[in-house]
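Heads up, there are several structures right after this.
Okay, so chain A shows up in both of these, paired with chain B first and chain C after.
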Partner chain A sequence: MRLRRELLLAAPAALLLAGFFLLPVAAVAVDALREGTLAFTRVFALPAFWPSLAGSLLLTLVAASVSTLIGVAVALHLSRLPERQRTLLSFVIALPLTFSGLIVAYGFILGYGRAGFVTQLLGLAGFDAAVIGKALFTPVGLAFASSYYLIPRVVMGILPVLVNFDRAQMAAAESLGATPSQAFRQVMLPQVAAPVGAAFCLVAAVVFGAYGTALALVGTQLHILPLQLYSLISETGTDFPAAAALALLIAAVCSTIMTTGEWFGSRHERHL
Partner chain B sequence: MNGPPAVRLQDVSFRYPGGAAGVFDIGLEIAPGELVVCIGPSGCGKTTLLRLIAGFLRVDAGRVELGGRDVTAATVRSRECGVVFQSYALFPHMSVRANVAYPLRVRKVEVGARERRAEAMLELVDLAGFGDRLPGELSGGQQQRVALARALVFEPRALLLDEPLSALDAATRLTMRDEIRRIQKRQNIASLLITHDQDEALSLADRVAVLRDGRLVQVATPQEIYDHPADAFVANFVGRANLIDGEVVAGDAVDTPIGRLAVPARSQPPGTRVRLLVRPERILPQPAAGGENVFAAAVVHDRFFGANREIELAVGRGSLKVETTVRGEITHVHVPRDAVQFLSPP
Partner chain C sequence: MIPRWITIAYLAYLAAPIVLLFVGSFGDLWLNTLLPTGATVRWYAEVAADPSFRRAFSASLFVAVMTCAACVAIGLPLGYAVFRARSARVRALARMLYQLPVALPPLVLAFGFILVFSSDALPWLGSVWLLIAGHIVLGLPYFLQTVVSDMQRLGLRTLEDAAESLGSSGLQRFLHVVLPALRHSVLSGLIVVAALSIGEFQFSNLVSGFLNRTYPVVLLQAFYGATGFACAATVILLALALTASVTGALSARGTARFATARAGR
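Let's turn to the complex of A and B:
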């Protein structure tokens, strides 16, 4: 009886998963493997594949690291605030998640592009406006723009952990002779490392597969895998099996990162 | 007392920003090896006092000394106080041994030496053999022992315990009460224990400090506090009390709502308003009327606790609380003259 009720409750989600994830992935897989492994070989032979993989990895590493660092600092600050203030600020911080990648890209071009007002202000302050204006359209610049919607994901992910952390432990460490830095490194960090790792993996997976902001910001001139996939699909005389193979590769990398994140998360739960 | 007190507070005041709460004009000394228990109702400033000594809060005015050294402006870690928190605040990711050795680790004591000292402390708190476990695998009482061992292992200047027993069940609390006393005496360390439990205060303390609205009302031995409370608040807060308002009619008699009471002679003119204290256990049930300070009584509430009874009696126009081992019916009570104390007037 109980099992039947649980199956009924799980049915809507299972249907959605099957209809909008498993079925499309299966269709893509069939397309990719129609000629055996030939489609994958063609993908690896593309002149832009390896630079795109390197660009994606650089973008992922920089964006996820910067977002995690800033997100942890923001969440630490929020966790120390009274509940009302924290709720209000959390709402403001979550706002970027509601914007589409197109709007984010447009905002960054207006602010930090070649004619952006921040670029011009920095130019007036003596910096080289041409260099700053070009930086936005590099993997590091894209990482900077991506952080805008990755940081809120990190904050939302680890804030509950930090709020529930027993702060008396930090006071105890300090009274026992630890410096604030020792207390953070030896007492707090080991206990929140797993959720922080999970948050890092989540945003890494998101940014590795994201293409909306990148496309709107730099078109297809930047070498990253999602834009490579976009080029493959939009070209005339498209090699669909190769596009499907590349899509599978991107999905596999994202899934691996997400699985690592889940593993980090479960480690934390085991310690609770 | 030879040498300076281990802890000295001189005219210490602190007010929480934006509020009226805090502690005011606190003067308190704790001698080496002495255990002072600070007691008072919720919000009276007990924990604030502890946090001021530990350095978690900075005084607005006054001076804090530890071992004769002015630490008013010193950081928490340089004060070297062992603090035991209400929630124990053990590090859940470290083994019991690593928890106890932590103060030695941050002092860069060599690994072998710190493990030996941690094991010795664990032995002192009867937890030898538990070193490899995680705190989450221990009972509340055992966690409390670990917290105590951790707070003592670096030989602190003073031991500060913030309601250390409040999270324990009644039976464990009694055992831990004795354990804390045993270990504190063995280490001969100046200690301040915060509690709102009067039994805990009376049974543990060398001296009890009673705090009310951020001010020290009385600091004395448990017996002195109980037998000669400074005022009605202390009398009522420490132990049960009959507080009886009345008017002096002669040098040794006071008219009260329960009747005319013969009291120890005092040179107070007739008509003076006085407040009297009679402890419930000093009132004696009597089989019949007759004699000095014997009053007819009617039972209002009768609570049986096995060894004794706590009874509320209607007496004259007033009431009395009585604690007695007498099992039978109670119709009269005797208030011995020497059981009556004068408190400050209402």
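Let's turn to the complex of A and C:
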């Protein structure tokens, strides 16, 4: 009787997820595998596929590493602040989480584009403005822009762990003769490594599958996999099975990275 | 020491695009100069007078409101059912299932929509309701996360047991105990969903029909025109996101205060 009531409560949402999430995903998988591996062979044969794969890997690696490093440093600073200041700063840092990727793209064009504010300032300071102005439109430049909405995710994920970290352990290590950097590496790092790994995976999965900021910054010329999928879909007379194969590939990579992150996260929970 | 300098540099990196967008939206002309020359509000007037932006703005609001309504109507019962489930394994499995959409790039979901809903059997592509269904799928995990964790933190089960021992029915408990106790987290969950829905581009860009394009989809076209116009159109979206963040922070404080009050009883 109880069970039936709960099933009834869950049914509407479950039906919606089945029809508008599982069904579309299944359609992508079916379309991709309809001709066996032929669709995948055609994807690998696309002239832009391998450069796009390289671009996506470079973007993901740079964006996730930079975001994790900066995010951990910022969270470390925040965790040492009094609570009121910390709450206020966390609010400011969380702002980009609700920003559309388009806001980020146009803001970065204004700041770091060919005639951007920072580009021109650096030009006045003696750097080559033409080189800097082009850098934004490469995978590494895109990583720099994407970090705008990735870093807050890292900070929000790591901050509770650092706030709850018992600092007396650091003092104890230092009183026993460890240098601050030794204490950080050998006492703190092993305890926070799992959540840091989880945050790295989360942002890597997000940036690997994203195309909004890239499309707004450069159009479809940039070689990354999601943009290649986007142009495959929006072109007329598209080879849909090949597009489905590419979509399946991207989804598989994202969910693998995400699952690895979950695994890191669950390791941390067991540790507690 | 190093973390402090990184934080200061990071805050400058965070503020720069926002400040430049605001400055650009009030600048008369911005062409290869460091900052725009002349001050004007005409770009805002132009965006407000633009029929495609007006239509996109109301389409975005409609989609966001409908998405929020659906989250309450079907998400809240689902969250409650998951929370009430007896077996921990069922709870963990259900949570894993409803978090799945987070791991899927919106682009791939959009392509799945194109495959399924441009067929002869289900020719719904381009309808605003299909767009809303997608926004619900994308927003629901965030809504459920907020609400279910609040149910656990509040110790909702104890409250309900007390009400049940006093002879209340299931519906009475839901209306008079569960809903009032959850009002803060439902509100903050809805604000997150609304903010995500209004800013959503990657899914809507492929799925929205020509007549119900949402604000971000139309905004992309503005990037190829005058700088001032593009800035003003972007600032409007930015202002909506900032409003959502401020309201969200205020309601989160409400949640925290309520939980503390219950814990300190």
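Going forward, the second predicted complex is superposed on the first by the 253 of 272 C-alpha atoms of A that agree within 3 Å, B and C clash if a C-alpha of one lies under 4 Å from a C-alpha of the other, contacts with A are read in each partner's own complex, and residues count from 1 in each chain.
The rule is simple: a residue touches a chain if its C-beta (ideal position, glycine included) is under 8 Å from a C-beta of that chain, and two chains touch if they have at least 3 such contacts.
Just so we're clear, the structure is a prediction, and the values are computed from it rather than from any experiment.
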Practice task
Applying the touch criterion given at the start, work out whether A:Ala173 contacts chain B, chain C, both or neither, answering first, second, both or neither.
Solution key: first
Practice task
Tell me which partner A:Leu150 touches in the superposition: chain B (first), chain C (second), both or neither.
Solution key: neither
Exercise for the section: Identify which of chain B and chain C touches the larger number of residues of chain A. Expected result: C
Practice task
Could you say whether A:Ile158 touches chain B, chain C, both of them, or neither, answering first, second, both or neither?
Solution key: neither
Problem - Partner chain(s) touched by A:Phe21 [first = chain B, second = chain C, both, neither] - result: second
Exercise for the section: Using the superposition on chain A described above, determine whether A:Glu6 touches chain B (first), chain C (second), both, or neither. Expected result: second
Exercise for the section: Figure out whether A:Ala244 sits in contact with chain B (first) or chain C (second), or with both, or with neither. Expected result: second
Problem - chain A residues within the chain B interface of the complex - result: 166, 168-169, 171-179, 182, 186-187, 190-191, 271
Exercise for the section: Name, in rising order, each residue of chain C that touches chain A in their complex. Expected result: 2-4, 6-7, 10-11, 13-14, 16-18, 20-21, 24, 31-32, 34-35, 70, 73-75, 77-78, 80-82, 84-86, 94, 97-98, 100-116, 133-134, 136-137, 140, 170, 192, 195-196, 198-202, 205-206, 216, 219-220, 223, 227, 230-231, 234, 237-238, 241-242, 244-245, 248-249
Completion exercise
In the complex, the residues of chain B that touch chain A are 54-56, 76-77, 79-83, 85-87, 89-93, 102-103, 105-107, 150-151, 154
Practice task
Please name which positions on chain A make contact with chain C in the complex.
Solution key: 2, 5-7, 9-10, 12-14, 16-17, 19-21, 23-25, 27-28, 31, 70, 73-74, 76-78, 80, 89, 91-96, 98-111, 115, 117-118, 120-121, 148, 151, 205, 208-212, 215-216, 226, 229-230, 233-234, 240, 243-244, 247-248, 250-251, 254-255, 258-259
